[in-house]
Each structure stands twice: as structure tokens, then as C-alpha cells.
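To start, the structure itself, in C-alpha cells.
Labels run A, B, C, D, E and F following the written order; every chain starts at residue 1.
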Amino acid sequence: MTDQRFWPPRGFAALPAEYADYRTARVVVLPVPYDSTASGWVGAREGPAAIIDASENMELYDIGIGREPYRVGIHTLPELAAHAGAPEAMVNRIEEVVADLLDDGKFVVTLGGEHTVAVGAVRAHAKRTAGLSILALDANADLRDSYMDTPYSHACTLRRALECAPVVQVGLRSAEREEHEFIRERGLPFYSPGEYRAAGPDSIAAQLADDVYITIDLDAFDPSQVAAVGTPEPGGLLWDEVSELLETVARRRRVVGFDVTELTPSLGPKANAQLAAKLTYRLIGLAVPE
Amino acid sequence: MTDQRFWPPRGFAALPAEYADYRTARVVVLPVPYDSTASGWVGAREGPAAIIDASENMELYDIGIGREPYRVGIHTLPELAAHAGAPEAMVNRIEEVVADLLDDGKFVVTLGGEHTVAVGAVRAHAKRTAGLSILALDANADLRDSYMDTPYSHACTLRRALECAPVVQVGLRSAEREEHEFIRERGLPFYSPGEYRAAGPDSIAAQLADDVYITIDLDAFDPSQVAAVGTPEPGGLLWDEVSELLETVARRRRVVGFDVTELTPSLGPKANAQLAAKLTYRLIGLAVPE
Amino acid sequence: MTDQRFWPPRGFAALPAEYADYRTARVVVLPVPYDSTASGWVGAREGPAAIIDASENMELYDIGIGREPYRVGIHTLPELAAHAGAPEAMVNRIEEVVADLLDDGKFVVTLGGEHTVAVGAVRAHAKRTAGLSILALDANADLRDSYMDTPYSHACTLRRALECAPVVQVGLRSAEREEHEFIRERGLPFYSPGEYRAAGPDSIAAQLADDVYITIDLDAFDPSQVAAVGTPEPGGLLWDEVSELLETVARRRRVVGFDVTELTPSLGPKANAQLAAKLTYRLIGLAVPE
Amino acid sequence: MTDQRFWPPRGFAALPAEYADYRTARVVVLPVPYDSTASGWVGAREGPAAIIDASENMELYDIGIGREPYRVGIHTLPELAAHAGAPEAMVNRIEEVVADLLDDGKFVVTLGGEHTVAVGAVRAHAKRTAGLSILALDANADLRDSYMDTPYSHACTLRRALECAPVVQVGLRSAEREEHEFIRERGLPFYSPGEYRAAGPDSIAAQLADDVYITIDLDAFDPSQVAAVGTPEPGGLLWDEVSELLETVARRRRVVGFDVTELTPSLGPKANAQLAAKLTYRLIGLAVPE
Amino acid sequence: MTDQRFWPPRGFAALPAEYADYRTARVVVLPVPYDSTASGWVGAREGPAAIIDASENMELYDIGIGREPYRVGIHTLPELAAHAGAPEAMVNRIEEVVADLLDDGKFVVTLGGEHTVAVGAVRAHAKRTAGLSILALDANADLRDSYMDTPYSHACTLRRALECAPVVQVGLRSAEREEHEFIRERGLPFYSPGEYRAAGPDSIAAQLADDVYITIDLDAFDPSQVAAVGTPEPGGLLWDEVSELLETVARRRRVVGFDVTELTPSLGPKANAQLAAKLTYRLIGLAVPE
Amino acid sequence: MTDQRFWPPRGFAALPAEYADYRTARVVVLPVPYDSTASGWVGAREGPAAIIDASENMELYDIGIGREPYRVGIHTLPELAAHAGAPEAMVNRIEEVVADLLDDGKFVVTLGGEHTVAVGAVRAHAKRTAGLSILALDANADLRDSYMDTPYSHACTLRRALECAPVVQVGLRSAEREEHEFIRERGLPFYSPGEYRAAGPDSIAAQLADDVYITIDLDAFDPSQVAAVGTPEPGGLLWDEVSELLETVARRRRVVGFDVTELTPSLGPKANAQLAAKLTYRLIGLAVPE
């Protein structure tokens, strides 16, 4: 009972049924409306639905990269149920589901929710890809070992990720002193926006292994472009900079999966969700060419 | 690829797949995001999605009527595409789709969008049900013959409906003088909230034929309970009053279909969408018993 | 250069030019966007524009009282300029302008802005109407002699009004102890909503002189019906109650002028401005019959 | 360095220092900004700050009950830190802190946050008061044994409370079928708003023991009066009804402690926070007389 | 009855009466609150009022260009009535009114409303100015031949404009594939922001005829500067870039008219309306020198 | 009764008690919630609380300057009470309080509120520091001698400041013609953003005396980064530019005090308050090194 008098069913990019079928789609979008460890302003759980809603207004052709990313097929799963008992259990659930999808041959796009959801996705990818590198876009170091009584706080995301694979971070402009010392002592390649501008995208790509997982905390962007995050920090990256970085990495390395997290729709204009949707769509186009 | 780790797919009441399948569902929800003739504050096109989103937070058991309305099966269609060329063409599209659904044996719940969408639904039902009565809940007379250069304005809804079947209206408290005179000259049974309280629900039911279509413009409610409408009017009906009226009509007559229209989510709190969702769900329970 | 292809010019009730001309209009609406002494949440300065904007969506026929209030002519003045130097100077400016209008034979409707604006309007009326009574609708006693270093704070409005004419107040449910004692010692006829319900509207009317000025702080309403005020108080009056009171007073006494104040649009839904617009329009209809 | 040129320090009711000192205050307000198990719309963590902010606009004299509740002294604690690792750990932290306060002789007012925070407070009180009764105001049954993988979900609050003491609930209008059956099988005294109106406040008081703990989920109120909750349900209690119930219970029984929970400020107008503040203040006045 | 105690009457730039009189004003502002074909987020109908309201806060001297644009006289018309029957009829109404104004010797500034309103304005200008060029600022190609069942959708605006005169577009970053191919096949001078930065404003001016009509869809701006549009696209133009382009074109060519469209106030901060107001005012200053 | 289970008490940067004590803190934050002379959009009175609330989410280590500004001790005073009687009296109150604090050896950070509050702070500093220079960041000239009937309007702030000490202004892009002529006639060093970019921060520092007071009207920023101001002007300064200017001035001169004013939280996203908080914190770090 669907026909031309109707819009396509709800789902990322509002695709016609033939491009949204799980069986044939190479890409699967996994919405994870989870924000139980949020410490700033809350509401990242509403991020996945807002990104998907906004994506329904996009053109299916991305003129910026000259591609139609949807042609590889993109299936949108229902929202993952939150485990309210403990963030560790939630991370495990995410890892388990992503693992199932990877084992099924899918390219997985995880939509947060708070940045913690990346830990499950990273683990599932790292276990299946030897020598994986992680590229993180983030305003915060996220290197605390534990925060608010749990090692699975959003503030610990990159600390947990580091336990799986080496991390290159871009966008850094907020950290506690212990995190900053941790970065310096270990010589971690964490770049502030200014340092990134000086180094250039090729230099970032050069530090990544052949296979790259990309984790995006949207607060990496300047708040002028994405205000809708729980911990906005002035002095961030701009759309053109992020776009160029992702294009460079995708051209020079193989992107095996990614996540887009921390959109908190109530904290900014709908244009922020639109940016997140287009970012997701473009990165699909870059990572999963026809 | 759905399992217990996921929420059910998006759709009215977030039902498990077995209750949401088109083939077995007795009820079909038709979302019509249309508001091209709006004259007050705009945004009713966002109503259907808001009602459906809110419905996903409801308990499936309605303690108020002691039933589980979902057990008859409720399928949610994708959103009907708007015809931007002319409201008449949109009304025709709605009539055509509702007719298809009725001919397929479904009980149809149309979610607006502006009140105009009711015209298509009313026409489809009236053509298939001889002797149909219409019960309208509305703050406005909606009896203009034409408005803003079209006879298919939201302000003409009940005038168009009257051409299909007799109308009993409850909630009236705004009209232009010509409409008021039209009501008096024709002796139309249009009730202000005060008149309704004096008459009682049984009196309303007594004026309806055996088969009743119910069209609900949410501005019938007092703005304290539903502010999120394009033309709020103080002095409206309360939830308990509407609920009692619908229960009485459903008990004494056969409700063959209904619509819920004019929710404009940006104009009021989310609690308004929640009321609209519960109203829809309860009316399904009343009209389509197991 | 206006014709049928255009909406009428902006102004209360969006009237055709012949009903909005200053020379022939019996009623003049004076918008006073002033809120410099606000102590709660601020923004009442945006009230007059919001009421006028909302009034442009009203039907010109008021079915509730069976009249077309606009037929006596309603002219909307430009906004009064705020005197930022001192509230006393602002009150004087208001008094001066209202006096000019009264001397020109107009019925004056003052739209606030904070309740302080009523002081200027009351003074102008009291000087021209011997034996005037004041009917105040308000949640607060407003009887402080001085507040935040000025006797012209919104919290002193009825204390200042009392110096001009006797005041009957309805809606009282917030006061400091000194105010409460002042009421008891002087035996002021200040009614809580419960006391008003017990007394009834005729009893209120009976305590008023032949000529009545009505000052309305919208927080007299229950916040469910008007949340958009700087100091909302639960347990207030309902639309039907206020409407009945005003109808009774207008029928039994002569209403010589009134104000509607304290709408703070950003604090509630647009339905609140709509209520204020309809309240203003109805009171014009009641006070200035054809 | 405080003097008459300054407002009092931030804290419930913005009290002068002599009434806000921990040592002499008989009442302690404990803000608990926790909402990690929220399943509907999120943001209850912002409730305590919103209630306290709103309370700073209240008159210190409550004309409705003719008392000055602050005179017994009200100290506002800093916000309790959220335990992000598990809701059970958070409940334990709350119990521990409330226990410390009770052992210090304080009357404790817990401000949520989600309703789960009541579990910790109830446990601390029940262990110290033999034969305690609980009066719950709530729209939902909250009787699930576990929800979203934890027995400490907000949806399990009254189930957990029942394990400590008998519960009388008022405001019920949403439950899943299993909860409804649980109520019927056990004969629990859970009242819908309609049943409460029929029974009256004295009947409720009669079912409570001498010592009563009151737990308030603000969704017990009709959404017209409190829209700012995560799971609004139409058909709720009104301010005057709740106020009368609390006055009756306080007059006939001894209230040993209470909580006010689930205010989600972003979901409704600021008037909702104002109602919650005044409710809290009035209940202090009723429960802890001079 | 206006004097120094009042603000000037509402109207673009809040001008004193002598500069706002229709007869002497060289510039006429035509507000067109129309958005019936909107496909993304709706509400552009509220754009004209928001721009005019914001313009009342501007300084009348534009320090950026060292001029006082108002000195040529700017009259603000009442809002054009929407034709709800069909977008084609609305376009015709706009063309007719603009034609009347041009024939009356006025410079016409059309404020949308959706971008469709430009079609009527463009047609009126093109018929009266042989060899007219159009400069379009827009994020989208707007080159569909028909969309949502009408050739007068906002998504067809530049396709319709092309039928009147050649178009140079700046700001392009969203198009469907067919539109992109149409641009390439016809060799249309449509510039992305990056291409514009490479080409420079003089190059754009060089491609325009002596007489230029400028149509501005505010989504040409980066969403960081204008989020309040129905279809925001990241990667847009900045204020300084647009300002420089308009100054260059105005200096080297003759601007015969312009429109500013698609402001949807509810989707972004009021600063967006302020930008639109200042843009309008500056372009008046550039196009209509004393 | 505070311990590790609690967040620190509310106050700038949410500091542990030992860093927030008045006696040992070298820095005192003075919140001044005053906006009585506002002429654009109102609400700057809510700025201080919003900045302080946002500051509680900051890291205490500022990675951008490699310092922990809080280590010098920062005490947050209660909010200064507004004098509603006249802006001059309010300015006097501010001067008096700031003077007391300076005489007590404190470094004073004044948080507005409208820009007028700077006048009191400037006067107190200028009387105690011979040869003081003022650096003003502002979009507007603020050089009117009187506005809206008072010389203490926000629009007169720099005119009043000039009477105390020479002023260098950066960010200018809005002025009335008389102000512009005043600047030119007197040769005042007022820089537009473009002029500032051409001159560079060292040139600004070179024009300042050894001792500098910095007054910041947040509308100096581009509205993309701070929309939440009463009079937003496109074409403003960016975070990195402001940050570099402040670092340069602090390195080359001695900053003796500063204010941050005009944040109007309701007009923009919370990210704007976050920027204001971080700006304040960084400037403390630059001005008051350990």
C-alpha cells in the first residue's frame, strides 16, 4: 500500500523502498538514542531521530562530491533500546549489534546519542579489523579514566577507544590538566583546530593506518555551525575544514565505519541537524563508493 | 533484523510488527502533512509526525476505557505527499486514498494537517455509507463558502462537509456574522461549549444517524489543554468532556471513521501532541472494539 | 495604494481603513511597551505588539456576546516611547497622553507593558470622572508603598491607584504579610478566586460606583490559561469567570476605560496573546456599544 | 560581603542568611538533578535548579494558608552529584544522604530529577519511622517490577516504594495491563482523578497511617497546569484539588518528609516551575509549622 | 495624533512620517507572507513581519556604506493577501501589484515569503526592462521544471526566472542530479561559494547586463549566519562576502529592483531577522542613492 | 554539610570551597542583572545567571592558554539588587560596590546586564587608577549623549566612559550619523572589524596606557558566535580574533578589571552563554596570573 501519492517511509534520506531494503543495502544506519551519562546539557537521545528527520529534506545527489551516495543502499534500523541499568551494559549491547551487522557484511553508521555509544562501535570494528586506526573529531579530550563513577562516561570515550586502537584526534580545545598531561606524556596526536590548520589534512591522513574508523563528536565543530551539543566550546572546526579532512582521509585510506554523535536538537536550530544529516550522507558517499 | 534489543519501528503506538502489518490491521492511520491554506499561525503540517512520535510514549493499555485498542491491529502509512498546485487537488488525492483504504476494508484514521484534509476523508466515507452523520468538534464554524480565494480553505471545511452529510458541531465559539446567520437560518445543530454542557452528550448522540464520521479540529479544546493550534480560542472543551462525548457516541452509534487535525506542534508544549495521540488511540479503542 | 489584494494595515483587529481612522473612531488603543521595573521574568514590553498581532486573527464578530465591537471604530496609536530615565516620568507621560485622548472624547484602551502603566491611565481617568471606582483583576496585591527603590514599581500599582479612587480587586492569591495586613486593616474588598466564586459577579458590581475603570493584570488568570506573565501564580481565574464578571459589570455600571497589562509573550504559547486580544475586543464590545 | 544592596544568595525562597543556615534550619532542600533512566522526553535533571530559581520570585508569606513557611529555616544544599554508573548506586547515594540529614534532625525535601530519586528518600524515611504510610501523587502506576533492564527505572518507583511501606496513590490514569491487574489483585488504594473526586480528601487521609511520606510526581497534575513533565497525561488533578488534599493530610496526619519530582523545565512554560516552587513551599508550611 | 512621545508608526526602518509617505517615497517595500508550496520546514510567511520588526531597531545611518538610505523615502505597504487557491494565481497577483508600483515610478523591494514570490516580481521587472539580467543568491539550484505537482513551487523559482531573463547564481551547494546536468548542459553561470571566492565579485558583475534584478534566497548564507530558512545547507556565503558582492554589482551596474525571501523566523535566532533587515536596508542604499 | 557526594555550591566555575572564599579570593565576580534602559530586545538581566550556570560546565584548566585561572581564587557575589527608580542611581550603586571591592584589594569582574553597568565599574576603576585606558569591544558606538530621556542609557555607555578615561574601541559597525561625526571630529580610535584586522592587536595595545580596563559588550562578536544580544549586528569579530586581542593586551599591558555585558540568553543558543563564560574565565587567567 505505498505508491507515488505518498512520501517514502521514514528512514535516513527517505529512500525509495528498493534502496532501503536491509538485504540489499550495503550501509546500515543504527540509531542509538542514549544519553544516560550526560553531564552538561542533556537531550542527545533525541539526536538520531532529528538527524533522520532532517535527512529527509536532503537532495539525494550530493553536488559537493558529485555522487549519489544512496545508490549503494542505506537501511535504517529501528532505534536501539536503551539499557538503563548501566552504561557498560549499553556499550555491550551496541558492540553486539554492530558486530552482528558487520558479520552480515554491512557498513555500519552509528548515530548517537552521547559519545559513549562510539565505544561499542569501535570495539566491534577493532575486533574485526587488525591494525585499525581511529580518527576522532572532538572538542574535548575525552581521556578521563572514569567520570561520575563510571569508566563508560562520555568523558571517557577516547580513553576507552585508545584501549582498542590508536587514535588521532582533531578539534581539541577543552581538557582537564590531567588529560593534557596524559596527551603530552604519551605523545598522542591530538590536534587543536589551530594545530590542524597548520598541519593540513594530508598530515592527518598520513598518521592513520590503512583502515580507519571515524568517530565524530559534533562539538568538534565551531558552535556557530553546531550549537546543538551538550558541551559547546568556542573556537572549533568549520564545515569546509571537516569536509576537506574527511575527503582526504577517505581518498587516501579505507574508512570501515563511522559514528556521528552528541547532536542535542533542543540546544540549537534545526540547521544543526541538517548539517549532521548532510555530514553523515557525505561520509557514506566518501566511504562506500558505488 | 529486528529483535528485543530494539524499539519497535516508528509508527502509531510503536506496535510490535504483528500488530502493525497492513494486511491484518483493521485500522490504518493516514498522516497528511498539509497546511497550504493556513491563515493563522502555520505549521499544522508537522502535526501528524508529532502525534505519531508522542504515541510511541503511550501505554498500550488504556486504563480509562479498560481496553487495549492496538489488538485490532493498527498500520501507519507513510505520509501522504502534498499536492502544492491547488487545495482542491489535495482534497481529491485524500479522497482517493481514503476510498482505496475503505474499499480494502480498513477503518481509516486521518491525521492532519489543517482541517481541510477532513473534506477528502468525509467525501470518501459519505459515498460509501448511506445516511452518514458527521460529528464535528471545532472552535470555529468553518462555514465560509470560500476564503482566501478558494472553497477548499480550512475555513470552509464544515461548509464542504455539509454538502455530503448533516453535521452536528460541538465547541463553537468563533464565527463571522454571516456564518452565525447561516447557522440560525438553517437551524444547524452547532453547540457552544456552554450549550453542550447544558444539553449533555446523550442529546448530541441522539441527533446523529446510526453511522457517524467524527472530524476533530483540536481547537475545539480549551487552549489550556491544546494551545498548539493555528487559531486558539479561549473558552473551549476540556479533556473529560470530549472523552465523555466520544464514549457516549461510540456506545450509542457506530463510528465509521475519524480524523484528528490542526495540531501545530511548535505553538504549544509536547503535552498537546500527547493529548492528541491519546485521543486518537482512545477513539480507535471506542470505535473498533475487539 | 491599498486595495482588496492587500490585508488591512497593521493595527488592533486589522480593521478596514474606515473603522480605524482616528477622527471617527470612538475607541483608541494605546500600546505602551514598558517594563523597566519588572522584578520577575522580563519581557512585558513585547506584550502590546503581541496582542495587536494576535488580534489580527480574530473574527470581527464576537459570537460570545453577539456583537461587532469594531463598528464603533478602533484606532491604534503607534507605540508610546519609553522614558528610560525614571518610572515616575513614564507614568506622567502616560497620564498626559491618556488625558489628551480623553479630552478629545475618546474611549482609551491602554495595552501594557508592566502593570505600572495603569497608574498613568487611572490618574487621567480619575481626574476627569468624579466618584470613579476601579475594578482590578490581579493575582498580586500590588499594595507595596515602594519596591526596588521606587514608588512606581509594578508591585505598587494598586497602592498608587488607591490614592486616586477606591479599588475592588479580584483574583488575589499572592501578597506579602504587610500587604495582607493592610488589606485587613483597611477592609479593602480584595477577593481571592475562591472568595469571588462564593460572592458572585453581582456582588462585585454592587460594590462599584456608577463609573468604573478596569485594570487587568493578566496574571489574574490561572496560568493554565495565561502562562505568559512575569509572576504566574497557580489557582487563578478562568476565562469564563472573567468573561462573566466583565459582562456583569458592563451591564450594571458604565465602564469608562480599561487597560490590559503584563502579557510577556516569550513566557507562554501564542494562545495567551490570543486570549488577551479577545479579552480586549470583548471588553470594547461590552463597554462601548453601538 | 553581603548587604542590602544585594539580593540574598541563591537558594530555595532566596532567604536571608539567618533563615538559610544549615545549623538552625529545620528544613533542608536536597536537589537531585538525575534523569538517567528517563524513557519519555528527557530533562528532569534541570528540574531542581528551575524550581529553586522560580522560588526566588515567591512572596515569603503564603496568603493561601496564612503562614510564613520560611520562618522555621530552610537550607538549600548544593546539588547531589549524579552517579552515572547505575541507578541502584544513585538510589543508594540518595538514601545515604537523606539518612544523614534525618539523623541530624532535619525535615528533608527532595527535589528531582526523575521519580526514581524518591526511592532513596522513601527508604531512608521508612527505616526511621515505624508504620510509615506513603501518599503518592502520580499519573502513572509506576508498578513495573523492572523496566529497560533495571528495577530502578522511574517506571518502577512505586513498586520499590511498596516494598518499604503501604502506598496510597492519587492521580492514576496511565498503566500497562499488568500493572492494572496488580492493583486489582492486591486491592491497592490507587485513585484516578475521578475516583479521588468521588472519595474526597478525608477518605484519602483516613487510609494513611499517623506518619506519612508524600512523593509527588508532577505529572499527577493536569498538563494544562504542568506540561513540563516527561510523560504528560491528559485528565489530571488541578492545583486546588492537590492543595486541598495536602492540607487535609497535613492537618490529620504528620508529614515526615516529601519529594517533588519530574519537572522538566524545557517542556513547558516557566509557570510550571513556579507552581512546583509554590507547591513545595506550601507543603513545607503545612508539614513543618512554627 | 502622533508626536515626539511616540515611536514612529510600524513600517520598514520605523521612519518618520515624511520619509514614509507613499507619494514621495522612491522605494516601496512589499511584504508577501506566502509559503503554501514550502517543502522543508514551514513558516516563511512570518518572514516579512519579522524583517520589518527587526528593521525598527536599526540605525538609520549605515556606517558600512556611509549613507542614510532612508532619505530617498521608503514606504511600507500592508501585507499582500495570500491567494490560497493556487500558487500560479499568487504569482500573478504579485506580478500585477509590482507592475502597478513600477508603473507608478517606484523602486520595489519584495519581502518573502517563500522564494516563489520572486517569480512575480521578476516577471514584472523583465517586462519593463529590456535586456534585464538576474543575479540570484541561493543555496539551491531551484531549476526543477515542476515540483510537488506545480511549476510554481519554490523549487522551480530560477527555472521560471530563466524564462524571463538570464540568471547568474551565487551560493549553489544543493541540487538534484537533473538540475546539475541542466546547469552543465546549458553552461549556466551558477557558482558555488568556493567557485565564487575564486572568481571574485567583479567577475560576477561582468556577466550581468546593465540592468540587474537581484533575488535573494537567504539560504545562500551560511547557516551560522542565517539558520532561519526552510532548507539550510552548510558551507554557505558569509555576510562580508555578500556585502562585497552587492556593493560591486551596485557600483558597476544599475539595480532595478530586488527581493529578500525565505526568512523563517521560528527556525533561528532573532539575529537572523536583523541580518535580513540590514541587508535589505543596505541594498536600498546601494541601489537607490540620493 | 558538603562532601564528595555533592557538586560544589553554585558560583562562577563551580569551584571547591577553598577557591571560592571571599577572604582569600583575588578575583570577585559581581553579577548585575539590570536591563531597565534596554531599547532593542530585552532580557540582559538574565545574562549573569546564564553565564554563571554555563561556567559550571567548563573545565577548570584552560588548555588554550595553558593555565588554571581559578587557582587565584574566584568568589561569586550574590546578584546586585536593581535600583528601579533611575538608571543613574543604579550606576551609582554599582560604582559604590565596585569601589568597596577594589578598596578591599579585589580584582573585580562585573557581569551584566546591559552595557550601562560598565559605567559604574569604569568610574570606580578610573578614580583609583591614574592614567587608566579603556579598551571597549562593541558593535555600537554607544556615544549618544542622551537616549530615551536619560544620559545613562546603554546607548550612552562609551560617551560616559570617555568622561573618565580615553577609550579604544574595537568592533564598531553601527552608529548614528552624529556619533560617526563625533568619532571623526575627535579622532577617536574606534575600529571596525575590518579596520582591526588591518591594524592588528599589537597596534591596539600600543594605543593603550599601562593600566587598562576592558569593557565587553558581547555584540562585538559576530552574531554567528553570539546571537544572544539585544542588538545583534552582522559582520562582527570572531572568537579567535577576540582571544588574540585579549592575550596581546594582557601580555603588553596590565588589565585592572573588566566587564562582560549584554548576554540575553533567550535570544540565542546556550552555546552563547558558554562562550561568555569561557571568555570571562580566560580573561581572568590572562589578567590575574598566579
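Here, a contact is a pair of C-beta atoms (placed from the backbone, for glycine too) under 8 Å apart; a residue touches a chain by one contact, two chains touch by 3 or more.
All figures in this text were calculated on a predicted structure; none of them were measured in a lab.
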>> Under the document's definition of touching, what chains do chain D and chain E have as common neighbours?
In response: A, B, C, F
> In the chain contact graph, what is the shortest path length, in steps, from chain A to chain C?
Replying inline: 2
> Where the centre means the average of the CA atoms, what chain is farthest from chain E?
Replying inline: D
> Of the pairs C-F, C-E or E-F, which one shares over half of its contact pairs with A-E?
Replying inline: E-F
> When the Cα trace of chain C is superposed on that of chain E, what is the rotation angle, expressed as a multiple of 5 degrees?
Replying inline: 180
> Between copies chain E and chain F, are the contact residues mostly the same numbers or mostly different, with half as the line?
Replying inline: different
>> Taking the mean of the C-alpha atoms as each chain's centre, how many Å separate chain D from chain F?
In response: 40
> What whole-Å value do you get for the distance between chain B and chain F if each is reduced to the mean of its CA atoms?
Replying inline: 54
>> Averaging over Cα atoms per chain, report the distance between chain C and chain D in Å.
In response: 37
> Where in chain D do residues touch two or more other chains at once?
Replying inline: 39, 81, 222, 224, 269
>> Can you work out from the touch definition every pair of chains that touches here?
In response: A-B, A-D, A-E, A-F, B-C, B-D, B-E, C-D, C-E, C-F, D-F, E-F
>> For a test of understanding, state which residues of chain E touch chain A in their complex under the given definition.
In response: 39-41, 172-177, 180, 192, 194, 222-224, 227-229, 231-235, 267-269
> Any idea which chain A residues touch chain E in the complex?
Replying inline: 57-61, 63-64, 68, 222, 224-225, 239-240, 243, 269-272, 274-275, 278-279
>> Give the list of chain E residues in touch with chain C in this complex.
In response: 1-2, 4-10, 22, 28, 49, 53, 75, 77-81, 93, 96-97, 101, 104
>> For the complex, give me every residue of chain E touching chain B.
In response: 35-37, 39, 42-43, 45-46, 81-87, 89, 147-150, 152-153, 266
